[in-house]
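Following: one structure in structure tokens, then a few remarks.
For reference, chains read A, B and C in written order, and residue numbers begin at 1 within each chain.
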Amino acid sequence: MSAPQPLPTLEITALEKRFGDTQVLRSIDLKVANGELVFVIGPSGSGKSTMLRCCNRLEEPTSGAIHVNGKPMLGITRRDLDRMRLQVGMVFQGFFLYPHLSVLKNVTLAQRKALKRPAAEADARALEMLDKVGLKHKASAMPGELSGGQQQRVAIARALALDPKVMLFDEPTSALDPELVGSVLKVMRDLREGGMTMIVVSHEMQFAREAADRVVFMDGGVIVEQGTPSEIFGNPRSERLRAFLSRVSGEAA
Amino acid sequence: MDFGNVFLNPDIIATYMPQMIRAVWVTIWISVLVVISGLALGAFLAGLRAYQKRWLAWPIVLFADLMRALPPLVLMLILFFGLPSLGVILSDWFVLYLVLTLVLAAFVEEIFWATLTSLPRGQWEAGAATGLSFNQVLVNVIFPQAVRTNIPQLVNRSLTISKMTAYGSVIGVKEIVSVAGSAQAFSGSATPLTMAAIAYLIIFFPAMLLSRYVENRFQYDH
Amino acid sequence: MDTIINAFFNIDIMRQAAPLLLKGAWVTLQLCAVVIVLGISGGLTLGLLASSKNAAVRLPAFLFIDFFRAIPPLILLILIYAGLPFIGIRVPPFVAVCIAFLLNNSAYFAEIFRSGIKSVSRGQTEAARASGLSPAQTQAFVILPQAVRNVLPDLLSNVVEIVKLTSIASVVSLTELLYSANMARAVTYNSSPLVMAALMYLVVLWPLVRVISRFQRGLSISS
């Protein structure tokens, strides 16, 4: 234990975000270690999606710092930002596959244009990733022909193909029919077992219990409490977390 | 009075056929040039406007408004008769080509812009999140979708403006109407006018059917 | 700069030409009123025919529409104005323009009305018929009002196109706005009257063009 503390894969320092007069995030600090799965829970409007979107600057932070593998995401040129974003994979609630491109092309586009991979290599990598999410056989399909769950798995493959250092999941299963949620969670579980660093914003509490290394509870733009799943779910300390958990379990029942 | 002999006199048809065929070619190649450059310029302007820079957007909007609000014939006359007094002399066909290109570009810019602003924001974000630059997202993600959703509109607008090549007759471009007009005056027969109408039908009737096909084909996409 | 002002924005010449241009603008206005009413009436009739379930009605309507959309209105106008006298029918320019515009505009308006009618869901017809409305009542009170609302931007932009199109009447010497302006140009050897005509078109059409842009954006966002 004498080795110097390893660099966090993702480090958020004193992050603030205001929209006009409303303070959405205040002094957020979060370190995510290599291979860790951090699960973010909280009521809607608590700022958890905004925090996630700040990590690759889809949302522009008002102040603070974000580092990926020790390299800054803020205060860099447009070009460097595009390069840094390659290291941060993002999965959206609404999938956002490109409807005019085949599944394979969806996965190869950024590989070709942003990473400048040769076509053959990009195709091979895409097929490998599609295989990983169980959709290799759909490579030539158009997004419109896929179910929501399949589209979301393609979106995951699209992000993975760029070899990101960390994957952000913004409510990846919220737009899915209940029977399709399982297939997406399975892919995420496989990813975790493969050692991927992940931050997941989601309401799938069961998944959090099973798969998360750490659960972060946000409310009103601040991190209220964090700990292992058993601490957070088994022994909530703050009143706000207890209220949230009972509300959520009430809805689930 | 023999209706057929007035409007479809075989001798007159034979006499003016070669001229008419040349005129058809003039109409076709000016149309093709206009469509290609109008679509390209319109798409380019919509792309520029996407940068959301006020000093870029403002002139583009002004251009698009003016070109859509002014009758093309007025523009052509101003350029054709007005520019020489500034020492700029443009040939008749170039004035026709230029005005129609600008008008088509204005409409195309508006068509594209409407789609660019209405595509789900997630399409931009998905592109950005995978490390694509703004330009790359615009070219690879946004524009292909904009083209797709708007193919019927783009085809219709291109056809409408191609037919405006007929205005070339007013400034002396040797296209179909102008050739038919002088042939009518020379021959004292209405036949060249009928020939002109038929020439347009031959060129544009298939195009109309094509646009119907395209409309049905792309209707339920997206 | 002075040369440009002198050639295109010469106030003296504009002042001289103003009475002539205003007269021309008045003719253009009258022409617009007549041809727009004619075009909408003809287009509505044709559009309904083209929406018929009966192919014997529908196909001729389609043929008419495509035929007159394929022919540039300018050659149609010249054919009517210069061609009809050959068979002993002489029509004044105003009437020739009205006939040509009726044929051309009806085709364009018909296409718009047809797509509007098509955009109203079949369920509307069924619901109306089920509630005891006759086919004609169903069209008039249920389908058409919705159809028109759905294609309002297209109708408006076609009206703008027609106003601009009236400038081709100058070719058959109808003394409308462009003809008057071009006359004034020829007399004064100066293009300012043309610019003045352009400004007059702009005063009327620019606001409409703005409205259309708004419409377009609003619609594509809601869809």
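We take it that a residue touches a chain if its C-beta (ideal position, glycine included) is under 8 Å from a C-beta of that chain, and two chains touch if they have at least 3 such contacts.
Quick caveat: nothing in here was measured; it's all calculated off a predicted structure.
Looking at chain A and chain C, the chains that touch each of them are B. Seen from the Cα centre of chain B, the chain whose own Cα centre is farthest off is A.
Of the two chain pairs examined here, B-C and A-B, the one linked by more C-beta pairs in contact is B-C. In terms of their C-alpha centroids, the spacing between chain A and chain C amounts to 54 Å. With centres taken as mean Cα positions, chain C sits 18 Å from chain B. If each chain is reduced to the centroid of its CA atoms, chain A and chain B end up 47 Å from each other. Put simply, chain B touches chain A in their complex at residues 120, 122-123, 125-134, 136, 140-141, 144-145, 148, 222. Those residues of chain A that touch chain B in the shared complex are 56, 58, 78-79, 82-83, 85-86, 88-90, 92, 94, 96-101, 109-110, 113-115, 155, 158-159, 162.
Residues of chain C that touch chain B in their complex: 3-4, 6-8, 66-67, 69-76, 78-79, 82-83, 86-88, 160-161, 164-168, 170-171, 178, 181-182, 185, 190-191, 194-195, 197-198, 201-202, 205-206, 208-210, 212-213, 216-217, 219-221, 223. On the chain B side of its complex with chain C, the touching residues are 1, 3, 6-7, 65-66, 68-75, 77-78, 81-82, 85-86, 110-111, 113-115, 117-118, 160, 163-167, 169-170, 176-177, 180-181, 184, 189-190, 193-194, 196-197, 200-201, 203-205, 207-209, 212.
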